[in-house]
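I'd like to ask you about the structure that follows.
All chains are identified by letter, namely A, B, C and D, in their written order; residue positions are counted from 1 within each chain.
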Amino acid sequence: MQRQKESGVMQAVEWVIRVMAENAVENEDYFSDLDAVVGDGDFGHSLARGFEAVLETLDESNEQSPGALLRKIGMVLMAKVGGTSGPIWGTAFMRAGSVAGEKNELTDADVIAMLHAGIDGICERGGASIGDKTLLDALIPATTTLGARLSRGEEWDRALAATAIAARTAADATRDLIARRGRASYTGERSLGTLDAGAVAVASMFERLAERWPLEGK
Amino acid sequence: MQRQKESGVMQAVEWVIRVMAENAVENEDYFSDLDAVVGDGDFGHSLARGFEAVLETLDESNEQSPGALLRKIGMVLMAKVGGTSGPIWGTAFMRAGSVAGEKNELTDADVIAMLHAGIDGICERGGASIGDKTLLDALIPATTTLGARLSRGEEWDRALAATAIAARTAADATRDLIARRGRASYTGERSLGTLDAGAVAVASMFERLAERWPLEGK
Amino acid sequence: MKKLVNEPKAFVAEMLEGIALANEKTLKYVPEYNLIMRADAPNTNKVSVLQGSGSGHEPAHVLLVGKGMLDGACPGDVFAAPPVDYVLESTKLLASPKGVLHIVNNYTGDRMAFDMARELAEAEGLKVATLMVDDDVAVKDSTHTVGRRGVAGNFFVIKAVGAAAEQGRKLEELVELGQRVNGVTRTMGIALTSCTPPAKGSPLFELGDGEMEVGVGIHGEPGRKRKAVEPANAIADELLDAVVEDLPFKKGDKVALMVNGLGGTPIAELYVVYGHAHTRLTQAGIKVERSYVGEYCTSLDMAGCSITLVRLDDELTSLLDAPGEMGMRIL
Amino acid sequence: MKKLVNEPKAFVAEMLEGIALANEKTLKYVPEYNLIMRADAPNTNKVSVLQGSGSGHEPAHVLLVGKGMLDGACPGDVFAAPPVDYVLESTKLLASPKGVLHIVNNYTGDRMAFDMARELAEAEGLKVATLMVDDDVAVKDSTHTVGRRGVAGNFFVIKAVGAAAEQGRKLEELVELGQRVNGVTRTMGIALTSCTPPAKGSPLFELGDGEMEVGVGIHGEPGRKRKAVEPANAIADELLDAVVEDLPFKKGDKVALMVNGLGGTPIAELYVVYGHAHTRLTQAGIKVERSYVGEYCTSLDMAGCSITLVRLDDELTSLLDAPGEMGMRIL
């Protein structure tokens, strides 16, 4: 996030959260419909209610560091979002916030470490690993791509564009997976051929970030 | 029923009941559908179950006179048919049977008197009169026509044909009536434009009798 | 047809058989007359209370048989009053020296069957009285009509009369009590969907996707009017207004409030309606002293609900609070 | 959408408000945490028993709060486990020196919320234990899966544990008892229709006119397989066979038999299924000692049912028979 330094890392982090939140709110019905196929159809609703609360928090909060803000957001998601998504997404934000600590500057390596901490939190919390047909199946390849691109010195806009493509490709590929975690797992083989709602949400958020980054992200 | 004398009045009465019963059984769904429009959709079911029991009774019974047979049928309808139709149809058969008494011969005048007794029984039992949009609105004009034709010396086949037409015309005309008795009356003006199920059943039975009379009724 | 049904003709018999098996110790089943009766009835020290009505309204009335409630119920087929025979024979099986009380919902078929059965039973020397229930405000009552229908409010008549019968009260007293309860009970319902009788196999009437039927009966008979579906609160308001204005219920009255599900509406929705109705009554200075939310008198799988109000006095409240048992229970 | 609903987002809150108003004297409502609790809780002489789960399963679990049952229930949104916060704060409000027992249906969301809340509560010095319910035989249980679901059988765990808690038993004893009950309880369900969450406004899944879903969960999750609709008896056979073979229940066993309605199926049909299941068990030499027919754990307006069997022993039977109160009642 070095490019963002002049306008402040804090603003950049806030902006990222805001874009994610808007995406969740706008896609409520779409995400719920995806969850209805082999799940219980509430994923979009849960995520939208949670990120609505996140948007309110952003408007009111006066946290001083990216880490504090992310931990706060994690707490809000935990507190307001039920189902599987509250603990999963809440844990991810809280872990990322912990890694950020009280730092006011974040290197690219910091960001990647934060994402990895989020992933580890999700795995611990929900017991899933890659291939179980969950949002991890989009989040892990996306993080790998972002890390690889940034570490070879690519600019954020190009790196994010590649990340969005990786996330979408991976989300699409969840069609070929049998659900082994979450409510979809009850249907066993019948989950084959369906998209995982959480993975699609992750892909959709990365795409939105990639699209907007050069326009608004500065 | 003088024409029938050679083959026996008893057989003729039995035949009439059997034709009515078969008609009720065959039209179960149609009659129920008519009752469903502004009623509760069970008229055909009730009538069919009742006349199924009537057919069994006919097969087993060894009543010695038309009157006794009609009273027996009335009892069966009372016992087996619920709703409004059991008491109404049962009463009609019982009253007709009472007028026939233990006679073994029935004049045309006897038959008309029996029909009138049935009508009176229905009116007393259910409190309806002509124009209330019930089966009386077909049964009364039909009885009038049959009585008029027979008393001017017409043969049974021609008289019955005219009666069937009168019954059907009257049944069709129930469309223009507002129900004031029975379950349809709860809908008030909304019953306008609908056929009364009971009246249609009466018309349908007279039509069936008229059609078959020259072929099977002898 | 999306139903748990075998041969539709056997539906009522199989349901009654199930009820009997689920209550082997307390209820007796007499298949010839569709009769579900208390195993210990008739009790010579009390009036026996009998209901008839059609099937398809469960728990009314076969599941309301038990101590302090009905002594027996002999329903007809789905939505059909019982044949005279069922009522007559059930009356005989429940005959007590203190008499048999027929509780009859005001429909032509039921009235006729119970009238005839009473005459025949009296001819055989039995003591029988009739109590009519007609709590439905949707139907206009005049001398030119068949009068109001008996709907979910019958629960309160049964509960009060059943408790009083258990206390040994006389037949005439029970009639008077029942009339008094019926006189302070008012109900109105709406349907969001039609219902499907097993023997018919298709919905009784068609209701468009955005339509509801206001003032519906419990047999799928259409109601007062059809209109566009409204939010729960607006529906509760319309039902409540009709019921409150009819008696009328007034500021200072103490009432029992029932929100009755018609069969296809989940419990959660009934509580949404209940909450609004309770609040509205409180605002109007009408005190809700007893609450009833759930399925009391259904119309097969119809979605919708009815609201019933009963004006309470001390005697009535204590009869509603008196212990009762029935064939259906949760705990 | 044919529902008695106002603003869908307010659905759960309005339902809970209605429940509280219908039970003003006995229940307390804490809107911040969707908590319905006994008005007299916490009681320092007994363990407090808390359930969470999603909404849309009523009467489970908010209407099962009462003496001898749950001390509180803090459901999440429709079909969503409660957020951690609700569980944590509810646990604090119910804190008793004898401890708080969390009864948790085995779903990922519920497990996570209750695990985290327990950790946080323990960090604040509270005594908390967890009891998992997973009675659904439709789901294969192996180390590679998330395990069986908790469905209608949770009623028996709650009833037994609630009664034992009322008797003053210790937290550890209640966990052991609950595990024992869960260990002898098996359920399987079928859906004839999908269900419509108010916030979604359309059915969760499509089921053809002639199709049913076997082994369905209580959240509209599809089940084991889809097949052509069958007569009630064949459906009862399929459910019963799956349940009986799983434990297995054997000749000579005494059982409680529950036929649970999923929300949209009328009571009459449940008794048709009950009658057949009872008869089949009797033929197999399995004695039905206690019967439960009605709605215990629903899936909004879904048509269908589940069958639950519990193997009884004297202790369990007496706990099921112990007095209990709840927010929903008929009488």
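In the analysis below, a residue touches a chain if its C-beta (ideal position, glycine included) is under 8 Å from a C-beta of that chain, and two chains touch if they have at least 3 such contacts.
Remember, predicted model here, so these are calculated numbers, not experimental data.
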Any chain touching subunit B and subunit C at once appears in the list none
Under the touch criterion given at the top, what is the topological distance in steps from subunit A to subunit C? 2
Computed distance of Cα centres, subunit B from subunit A, in Å: 76
Can you work out the whole-Å distance between the CA centroids of subunit B and subunit D? 55
Taking each chain's centre as the mean of its CA atoms, how far is subunit A from subunit D in angstrom? 33
Taking each chain's centre as the mean position of its Cα atoms, how many Å separate subunit C from subunit D? 29
If each protein chain is taken as a node and each touching pair as an edge, is the resulting graph a line, ring, star, complete or other? line
Applying that definition of touch, give me each pair of chains that meets it. A-D, B-C, C-D
In their shared complex, subunit A is touched by residues of subunit D numbered 9, 54, 76-86, 107-109, 112-113, 116, 138-140, 144-146, 149, 197, 199-200, 204-205, 217, 219-223
Which subunit C residues qualify as touching subunit D in the complex? 1-7, 11, 14-19, 21-23, 55-56, 58-59, 63, 159, 192-193, 209, 212, 229, 231-233, 235, 263-276, 278-279, 288, 291-296, 298, 300-301, 303, 305, 324, 326, 328-331
In the complex, go through subunit A and note every residue touching subunit D. 29, 32, 36-42, 45-46, 49, 78-88, 90, 125-127, 180-188, 190
